[in-house]
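Before anything else, here is the set of structures, which you'll find just below.
One chain, subunit A, links the two complexes that follow: it is found with subunit B in the first and with subunit C in the second.
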Partner chain A sequence: MLRWVPAARGGWLAAGIGLLLLFPLSSPDAYFLDVLTTGFLLAAFTASWDVVGGIAGQVTLGHALPFGAATYALALLGRIAGMPFPVAAVLAVLIATAAGAGIGWLAAPLSGPFVALLTLALGEAAHEVAVGHAFLTGPGGYAWGGEGGIPVALPWRDAPPFAAYYASLAFLCLSTWGMLAFSRSGGGLILRAVAGSPVTAQASGVPIGRYKRLAFTVGSAFAGAAGVGFASHVGRATAGDLSLELSFQAATFAAVGGRGTVIGPAVAALALHALFQGLSLPPAARVLLYAATLMVTLRFFPGGVAGTAREIAARLGRREGPRIPRRRREPGTPPGGSA
Partner chain B sequence: MTALLAANGIAKSFDGTRVLDGVTLSIAAGEPVGLFGPNGSGKTTLANVLSGLLFPDAGTIAFEGRDVTWLPLDARYRLGIARTFQIPHPYPSLTVQEAVRVALSAGAGKRPAGEGAGEEIEELISRTGLFDQRFVPCARLSQGCLRRLEFARALACRPKLLILDEVFSSLSTVDEGDLVALLRAANREGGTAFLLISHNRMLLKGTCSRVLYLEEGRVARERTV
Partner chain C sequence: MSHLPQVLLDGLFAGGAYALMAAGMALILGVVKVINLSHGAFFTLGAYVAYSLAARGIGSPAVAAPLAAAIAFAFGVFLGKSFVNPVRSHPFALPVGTLACALLFEQAAQLVWGPHPVAIDGGAPWAGPLGVVVRRWGVSAFLASAALLGGLGWLLSRRPGLPLKLVAEDEEIAGSVGMDVEAIRYMTFGGSCAMAAAAGAFLAPAGAITPTMGRVPLILSLIVVIVAGMDSVGAIFLLSVGLGVLGNACAYYLSPQWSYVALLCGVALLLAARPAGIVAMAGRQD
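The block that comes next holds the complex of A and B.
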């Protein structure tokens, strides 16, 4: 690998964050500021999918479940249980984490398409419950739940849009850093081994079921945190937070960005969300653009944008020649030396 | 003396076809044992059952006097039963160094995955002749290097018993010579017992003190070399 490659990648990221920090100073349209604020939270959610589906290779199609569990928990704990916002927020993340641990427990003995099918079924079941259940009914037929969702009790009123923008950006940076740190830890390395070859990992002593549960738990914790941020920003938990569309969106944005890279999926999610929403395209055109982006990526860049960039950097590094100091065995000695 | 590994009456069927039919064998600590037999005699199935990749339909397996019949592959590795695969299944995105680190950290269960394990990783990689490839992704390794990596991975837990399934097939003479020397060194100096599955009679005679002949899912005979 060339020495300048990580530095260049870090430089691009720093430049991107710098631009995003300065963006509100250009007096942008309030709608586009809102699009970006939502985009930061969805980018963090997509990166959290990558912890499960990319790093650990457990392709989940129900990742909206912990996200929605957190938005609903925040709304219900604040509105119905009357908890203060910070307490409800922490509990909401814990509930999402517990939901992820439960999904992991169910999915750990499965592999490949069976994980996808199980998570799809769980996600859809949760969505149907949210759509069909009225959590609180009041006089005159007023109800909280169903498609309309539940309002979140926020401790602030009419917060300036810049505050939400910068808070969401800070959350995206911090959560992505946390997920990257996890992916580069010993546990992350083992998860990548489990994703690459479960049988070899098991033959190397890895209890793969335990590590799959870990991936679902950690990924769901970050998804739950993103859900809390999202519900706080839009002020409501709705059935859409648990929708299959949201789960599929995370999976496909991660594929475009580069599965297993964390930053790639986050950047792709932010860029594509900003593009699709910011262009104010009609829904049909948006779907076509979305499908075309996905098809081009999967056909020509199967590793996604970040995966392809990494591959190019590795090729350039090989062309430059080996920098590795060579160690030669003394003639006549066995390769093993001593056991 | 208690056998290191004692398998008693192991039976295994697939879709009604009996592949192992009451295999009984024992391996002493530090003993190099060969397993020979025609194609379809059940050698790989026996390796899978002894290593914990498959569970038997009948019979028991004891390791150091402890019943391990229902322990999975990873738990047996942590106890000291390591195995290599006839066809390696490498981690595509991990480098050689990272693949060995996984085995050292998860397998041994007591050594850290961080830099503290660096010297041990480097030693294993050097011993298996992979030092120059240590930063190469496993997906780009040749068959010879993949077999060497299998050895490094298996040796990472300092195994008491190593089960080697056709590990030398399709290898160059150089690779085979290096790996045989490594196996002998692990046996002689580390006291690692092994069960070497091979179609090569000469190799088995040269490396094992006892060779078992498997035929139609049974140990038909054994010969002391």
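The block that comes next holds the complex of A and C.
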């Protein structure tokens, strides 16, 4: 994983992962362990937002839709169809991927704020359908759905918090590695070109619609996987999994961490979630803080707090003297020469 | 079926006020060239101002609407000048930033006025024919909105509206003839927010006032602007009234949530179907 990131940052990242691996061994409070477990899954979800909103530049405000589709699919397939958990989990991720492909198909011809508008409308519609209707009845006449959500049939009972913590951390590392690999692949680089200038990419013969659909599909697959992890952890699929606030949180974390970097948004999500959740703030105050953080970030740090910090560090570095460029030299390019 | 005339009349009244909000959205889109996702928050602000005044014994919309408009104008100018203008060229910042503003207001309203719905007494209705009751708030909302929109249409067709039309058409030319384009932009933003707040104050007695009540009129305004475009105030008014009637009928015969879902699906379908209004706004790539 670390070979995908520049050396210095890779070192800090390794140290961070080491600390996170060590944390449960320090006999922490179960609440903090749970906060971090949820934080890992939220960080993976935020990184999946970055695949669509950062790397591909398709600002989505309905990214909770594939996440929630996966949580509901996991719950319904397990409870109604009686499927074994692993089968239901795989199908849930596939359903989320299909949902993402559908959104991508609708959003691909659009650009700019209209993508945000379309995804917001689709996400809100799915949320309203989920929140307002107890559309199923479970065994014993209990109503499922609505605000209470649907319980997930888990194959384990009372799993130790350590197991959930380490499983979530492993999922975050693996999924982030997968998303970074995608962002550095040929398709990922073309998506960056599409995000930078769609007209130039199109003039160069890139079928931009196809690549936008690819971004939505891949991002939604990872969001669905995070949704499966989340529903397995909390044991229930609720309408909150489809909420606008969840999509908005992902956009906030990405803006703070630096869009298009995958790791930056994931780290910001983990840090801010742990901070705000650790302070035990009420949900209303938390969303208020997220909104205020986002507005300040967008106004004063358009490249994200982390991105601006990197720019300042780079400027300071240049003042100190010339540095060896980190980028790999293309064959035929003179040493130190620009493209 | 016996309730149909009542449902249609109430929808007509609500649609008239929605037209005021939609016209504000169209002004922002035309002059400032941004989609303001915080527009619904100003509608909610207007409703809460009306509620706060009613709780102090001042229930008249003639007081609530101007006060709500003044407060929203001040906040709108601040938002337009300090946030929208500096970041308007950034494709990520505007939709996400204005949504952040909307959520910020929703959560602030929840902290100030509480999460539970509140309501205003709209006064005793008048008895109409066929057992239909004519609600006072509805008549005042419809007439005031129609008058304000008529005034806006007149303004835009005369010399005072020329700067707005010129900035909407070509900012560079507007700047080259000495107009303060930035000031026109944020003043328009503030004025549009004031229109949304006035609409909220007019419609406050129509139902429950909640922190998230502005989401429905926001989506409705977006549909109106997408379909009717930004040029004709008359088209905006007629479409808003039509959608108000349709939305009210849907809310009555199905449920308010299904009405909202129908509106959301309407936005998605309109965007997916490449309507001419969207193409005119350069939202699509060919």
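As a working rule, the second predicted complex is superposed on the first by the 285 of 339 C-alpha atoms of A that agree within 3 Å, B and C clash if a C-alpha of one lies under 4 Å from a C-alpha of the other, contacts with A are read in each partner's own complex, and residues count from 1 in each chain.
Keep in mind that, in the parts below, contacts are C-beta pairs under 8 Å (C-beta built on N, C-alpha and C of every residue); 3 or more make two chains touch, one makes a residue touch a chain.
None of the values given here were measured: they were computed from a predicted structure.
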Partner chain(s) touched by A:Ser280 [first = subunit B, second = subunit C, both, neither]: neither
Touching partner for A:Gly53 - first (subunit B), second (subunit C), both, neither: second
Partner chain in contact with A:Gly132 - subunit B first, subunit C second, else both or neither: second
First (subunit B), second (subunit C), both or neither touched by A:Gly260: first
Touched partner set for A:Ile208, first subunit B, second subunit C, both or neither: both
Partner chain(s) touched by A:Gly186 [first = subunit B, second = subunit C, both, neither]: first
Broader residue contact with subunit A after superposition on the shared chain, subunit B or subunit C: C
First, second, both or neither for A:Gly196, with subunit B first and subunit C second: first
Residues of subunit A at both interfaces, subunit B in one complex, subunit C in the other: 199, 202, 208
List of subunit C residues in touch with subunit A within their complex: 34-35, 37, 82-83, 86-87, 90-97, 99-101, 103-104, 106-108, 110-111, 115, 215, 219, 222, 255, 257-258, 260-261, 264-265, 267-268, 271-272, 274, 278, 283-285
Residues of subunit B defined as touching subunit A within the complex: 51, 53, 72-75, 77-78, 82-83, 85, 88-94, 98-99, 101-103, 105-109, 112-114, 126-129, 131-132, 134-135, 138, 153-157, 178-179, 181-192
Interface residues, subunit A side, partner subunit B - complex: 1, 185-186, 189-190, 192-193, 195-197, 199-208, 260, 322, 324, 326-327, 329, 334-339
Residues of subunit A touching subunit C in the complex: 53, 57, 59, 61, 106, 109-114, 116-118, 120-122, 124-125, 128-129, 131-133, 198-199, 202, 208, 244-245, 248, 251-252, 255, 259, 284-285, 287-288, 290-292, 294-295, 298-299, 302
